[in-house]
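These notes are about the structure you will find just below.
By written order: A, B, C and D. Residues from 1 in each chain.
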Amino acid sequence: MGAYSAWSVFKEGLRDGRGWRQAWRTPTPKKHYDVVIIGGGGHGLATAYYLTKNHGITNVAVIEKGWLGGGNTGRNTTVIRSNYFYPESAALYDLSVQLYEGLSKDLNYNVMFSQRGNLVLAYSEHEMEMAARQYNAMRLNGIDAELLGPNEVRKMAPILDFSDTARYPIHGGVNQPRAGTGRHDAVAWGFARAADQAGVDIIQNCEVQGFVMEGGRCVGVETSKGEIGAGVVGAAVAGHSSVIADLAGYDLPITSYCLQAFVSEPLKPILDTVVISPAFGTYVSQSDKGGLVIGGGLDRVPSYAQRGNMPVQEAVLGGLVEMMPALAKVKLLRHWGGIVDVTPDSSPIIGPSGVDGIYLNCGWGTGGFKAIPAGGYLLAHCLATGEHHEISKPFNRSRFETGQLVDESAASGIPH
Amino acid sequence: MQRFPCPFCGPRPETEFHFMGEAGKIRPKTTQAISDAEWATYLHSQRNEKGTVREVWMHLTCGEMFIMIRDSVTMEVLGTETLRKDAS
Amino acid sequence: MRDDRNRWPAPIARRDPMTVGAAQLQEVALTRQTLVSGPSVRTTEAPLIGWPDLVLTDRYALCLRRDQVLVVNGQEDSPGWDATAQRAVSDVTDGYRVFDLTGPSAHDVLQRGAEIELLPRSPSVARQLYGLGCFLYRVGRPDHFRLHVSSAHADAMCGHLLAAMKATSEVLSL
Amino acid sequence: MTARRLPSGGVIDRTQPLTFRFDGRVMCGLKGDTIASALLANGVRIVGRSFKYHRPRGVWGSWVDDPNAIMTIRLGDRELPNVPAATTLLENGMEIRAVNAWPSAKHDVKGGLDLLHRWLGAGFYYKMFMSPDWHLFEPSIRKMAGLGPVNTAVYDDPSDQVNAACDVLVVGGGPAGLLAARLAAERGEDVWLVEDHATLGGTSAQVTAIDGQDPEAWVTAQEAAILAAGGRILRQTTAYGIYDHQMVGLLEKFDFAAAPRRWRLRAGRIVLASGALDRPITFANNDLPGVMSLQGAADFAARYGVLVDRKVVVAARGAPAEHAIALIEQAGARLTRVAPDAPLKAFGYKGAQGIAIGGLRRFADTVLVSGGLTPLVHLWRHAGGKLDWCARRQAFLPGAMPIQMQAIGAANGTYSLHDALEEARAAGTNTPVTRVDTAEEMTPLWPKPNSKGRQWVDFQHDVTLKDVSLAAQENYVSVEHLKRYTTLGMAADQGKTANMAGLAAMAAIQDRPIPEVGTTTFRPPFVPIPIESFHGHYSKQLWHPLKRLPLETAHRALDAALCEYGGWLRPGWYGNGAAQTHIQAEAKQARETVAIFDGSSLGKIAVMGPDAAAFVNFVYYNTITTLQPGRIRYGFMLTEGGIVKDDGVIARLGPEHFLISCSSSHTDSVRLHLEAWRQDGNDPDRIFIHDETQAWATVTVTGPKARGVVETLGLPLDLGREAFPHMSLQTTSWKGQPMRLARVSFTGDLSFEMSVPARHAEALWTSLHDATKAAGGGLLGIEAMSILRAEKGYIMIGKDTDGETMPHDLGFTVPRNKKTAAFIGDRSLHSPVANAADRKQLVGLAVGGDDVIPTGAHVVLTGTRQSQGYVTSSYFSPSLGKPIALAIVAGGTNKMGQDMETWHKDARTSVTICPPCVFDPEGERLNA
């Protein structure tokens, strides 16, 4: 049984699902591919998918060190939004939201993009002025947005603390109705399945150990499963971008940090939107399964350890209790960490790596998941055409030389 | 809660420290001509090693800046060096 | 702007002694606190107090860092840079408020604010407690702790200490 | 068929009965019971429903491994959802309801869902609900999901958080843990022993003798010895995680719903004696209530004096199992054995009535199973320890460990008491633990793929063997894929029962050895813990506490509205009622007569030493070396990126003594900035930095009549404009106290800024306030001050600038072009972007009409939606009688006189770009 649908689920149910096919194959790598993509996370798999879909390039391999979707794609807090200030960021992240909106049908895999809104809280008149600056920017960028007062915030998230004694009393906020959450694993699996069906070889448990150079151009990769030739190479290895860069001989303005995430025991519906509180440094949503999915800021110590550290746990979870005191006694079920690339302006790097034949998709910082479709779409464009898509131009690495940074934190309180 | 050794104060909790950047960065002489590329390298380049790293940290409570050598995977602290010539 | 006048209780200028459980908190009035920096202040200023030293004199010098001490109850000293003595001087008497925390459970109270162990020794008395900067040392007796906290955070520090004193007094297992 | 209480034995107190209600039925338990043991003692079989199919569930295990008995409990005014019955002590009067079941666990309306199971297999939701639109299906799915509902009451009982350190932490108070702790304590080590249960002893209750002594006496003796040697024992305390640098998180539980205590324990070394858990056997209908863990049943009997049932059939293998079987027989059960690897099938409606092997049916009230033991290695993995597969035990055992940590006893795969105590002796004396490998060969009892019937792998999440097969068939074969695709092991018990079976099933299906399939990561916490325990008492005013002014009491006496500005609590305006009226009046009065303002929070950082002049010249954008003693200069500090970090005035008190006055909110970051550059590239022995901010209080008098007011202080100096010009400073004394008197102005009017030691602030404030009132003047809060400085085009960093603003965007171009000495950020001021024509630059906006443009409105080209910048400050100016606004606009300085529009919530307003300063541009009043 190939295509997924209510009908196919019904039919397979009648015959014990014997007809369900592999979601993706386990191929042995070929000697050579037109495109080799390093990194079987969301961005790498999306890149492969859009190469086949938008550019008709199907002789593609995705090489993954571990299991696909096992990096930040499978570790994030699943927020999808495009509430950005600068037109450059807005164009990038809203392309992603638009692609997400059609993704389940596009991939024939339910990624459960749930547009339940993303509410950024403001706690004083000054913060409301900054919120207005943000809201107006979004509207002028063509992004949907609502500037809300306290009563509208209360309607959206009654569980917030509206008492007089709250450390930060709620004055209002900015909501993006089209934002929301998605099922992170499903995004990786959906892209993998669709790419595989289009002929892409997804090679798991295969580590890239070096690059094959010829006359200054990269023509392949050395892997734990042997050498694999490549017309062109794309690298989408968030968290380990510097490690790959070091192997290939280009440098990146990236520092790796651990970003922690938390999930509570499953509860009956109590929170129907994503709430971000810059003041408390905490954000939270409730998954369809019922768990509160909680996140916050980066750990303070640069790290490659996918393991959280206490001070940030206390800051983030303490912030949640201040935000929503009624949840104080809810139990924490799991906490974990992922390694994120942090660039000087907290914006991604897309495009030429500096080494001929290698293109980049990295530097997503804490916000890579929401950008997966766009990241793949744009890297695919670079790999297929050798040139930037209009939307990815501002994110070329050369911006660090010209100083033309895209620093959202410069203009707004939105965590980036 | 990690514990870092301040060369002056001794072991203290990580919250008393601030990461200043990777060690070994020399500020270019800006009174001379410097290319955009050189300056960008000074501002932004990162080694970001996976494994042993040399970093500059400040112990906020005593203001001491020093070099800490750590393992960025195991978080083990391998040693410190003072920035001061006359460390005593 | 957000009118918080009723959200924040008025600050307490001078605190009366307060006993909770087996710990007492008391504000201390010092005649003078002088910040002195210089290449060799640690050798010129005495007695030099580190952690976990006990202060036994009226005048003493808290070692804050490699090249800086806080002289407590010293004589008046003209502010600025003294080129001959190689000393930089500031009178910060009003910059820090000083509190004594005493009693059998004083140490337990402090342990709610940071990892406070008597060992290892530390040359400096400067540290963070409840996330706030302070100078912490001992006076006369092992269970007599003294801390200096920046005046603007004195109320917050007392709030933390009182909350911890309450928690400590409720502990039976300790 | 009712379970029953044994006449003797166990830790329960038969003299203290407790009554409670379960799903409405009144029941009776004993002090020392867990909710699970009490329910079993009352013969309750169905304690809940599974997550997906709402299948009836009975108690499986006696501890953290029980995935089934999850309750919503109310006691007094407190109610908690998702309470694990097997690890929660029963309290008198508890109102207990099974979660995920209505009206009761026994009769659950959603039970019918199970009929649809063939369509609800692993990952079905990924394959449907896509069209017409996920949002149509999601709400009802959300309602179905989740376990208990949150009670939204807020309780004010802060959790306690304590830091501590010890030489040795022993996790687990069973025989091995007790002995190790005792030996370590007796060697003089500072020992902590934590036990998750309310009582010590672990499996000791299941044996007849330890070291030849009566078990109970032995346990008591160990405890006494540990305490006598200065050790500490914490009961009801769980080591929930191990973090970097030997930091262990402990959670100490108290009464029901009371806030727990969280310990951050720095342990010199750690001994893991956490024991092992029983494994289910995977056979048809193995999820029926009444099918339960053999070891669990033994524990219920030994620890709680509850015999799960009289007539039981057992499917188990291995020495530990034999031991448990003997115990249950002694307790009075009639046992029938069946071969654990036979094709078993439990039968019965809503509960096991027996087990069938082929056609042969063996009737029983309860089916006890044990597929072998799984050592509890969660903490071992938290600490970064490796796991080695042991074929003999068919289990993952602790392997290489990077930190100071040892595993002993069952946690180490050593199940025999004798051998466990041997390991305890080694660990207790801090010598290497060599695993005593006498454990018998364990023949595997793993799931058999393609065998008949519905066979459960994860009881709570309804993951069956078929789901694992489907995952394999669809190539979700990596352990993490299996886990995420089927939700195996993601239930509240974190897969303590399910993971090994799932792993083994996948291995069998793929015909690979188990270690090749790998293990899933063990993520903290070991058991679910309340979020409040991370919060502590850091609440309300103690969460990011504000800095307080020495004059706050005086301000309160004057009805100040105290507001949060950059980490300080400061007067926004004075008076009650309509804020804007007060603010406008204050601004007007300050312009017309005179007003006083509390500037105490402004930073005062002294820079001293032989290299001080060169240093401040380097950290400032402006040239400072030419500043004469007694004079003041306004300037910027930049980041190396050339961005304006802070602005303020710097005074030169002496040749080698400078005083930097930075913005209130930036004082700490500026001090850090200065300290960093002092030690990096400079000689720290020739530069010294003192933050004097809080030692001094500062009162500013501003307005046409300011000089008259200051004269009333009778200071011994000439305040005339020649003797004491704008931007100069004098040190003097007032009432015998040192005073720093500066002529600087944030308002554009004649201003005097007076600083005195903070304890004299009230006296100074009172004198000046009296004099001000006498002169017809009054008070000035920050809001009115903001209007005055906006009229002059004086910026506020972070409000009128953003993270891209460079000094030349603010009209300060000279140092960029002329300053020859190096300074922080210098090179960045000449980057391509710094030279761009469309940089956002500070401008004023001339506004028609009386309406104030909202701050945060964007500036657009007339008729377009292209943002050119935004309004950063906007007020009604009482002195000018019209609205004014500051904005940063792309190429703004070349747009003077150009008409543009502001855009706010779809509303457009015409504005004209004008210079930022609209009040007294010639600065006559300033120099008055």
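Criterion: a residue touches a chain if its C-beta (ideal position, glycine included) is under 8 Å from a C-beta of that chain, and two chains touch if they have at least 3 such contacts.
Here the structure is a predicted model, which means the values were calculated and not measured.
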### Summary
Comparing C-D with A-C, the one with more C-beta contacts is C-D
### Task
Mind checking the centre-to-centre distance between chain B and chain C? Centres are C-alpha means, answer in whole Å.
29
#### Entry: Inter-centroid spacing, chain C versus chain A (mean Cα positions, whole Å)
46
### Task
Report the inter-chain centroid distance for chain A and chain D in whole angstrom, where each centroid is the mean of the CA atoms.
22
#### Entry: Contacts with 2+ other chains: residues of chain B
1-3, 15, 36, 43, 60, 63-64, 74-75, 84
### For chain D, residues contacting two or more additional chains
243-244, 247, 264, 266, 536, 541, 563-564, 641, 684-685, 828, 831-832
### Query
Which residues of chain C are in contact with two or more other chains?
1-2, 7, 68, 114-115
### Message
Please classify the inter-chain touch graph. Allowed labels: line, ring, star, complete, other.
### Response
complete
### Task
State the interface residues of chain D toward chain A in the complex, per the touch definition above.
51, 80-82, 118-119, 121, 124-131, 134-135, 138, 141-143, 145-155, 243-244, 247, 249, 257, 264, 466, 470, 473-476, 478, 480-481, 484-485, 492, 494, 521, 523-525, 528-532, 534-536, 538-541, 543-544, 563-564, 641-642, 799, 802-804, 828, 831-834, 854-858, 860, 865-867, 870, 903-906
## Note on the structure
Seen from chain C, its contact residues with chain B in the complex are 64-66, 68, 114-115, 120-124, 126-128, 131, 133
### Summary
Touching chain D in the complex, chain C uses residues 1-5, 7-11, 13, 35, 37-39, 67-68, 79-81, 83, 88, 90-96, 108, 111-112, 114-117, 130, 132, 150-156, 159-160, 163-164, 167, 170-171, 173
### Query
So in the complex, which bits of chain B are touching chain A?
1-2, 14-15, 19, 36-37, 40, 43-50, 53, 55, 72-75
### Query
Mind pulling up the chain B residues that touch chain D in the complex?
1-3, 18, 20, 27-31, 34, 36, 39, 43, 56, 58, 60, 63-65, 74-77, 83-84, 86
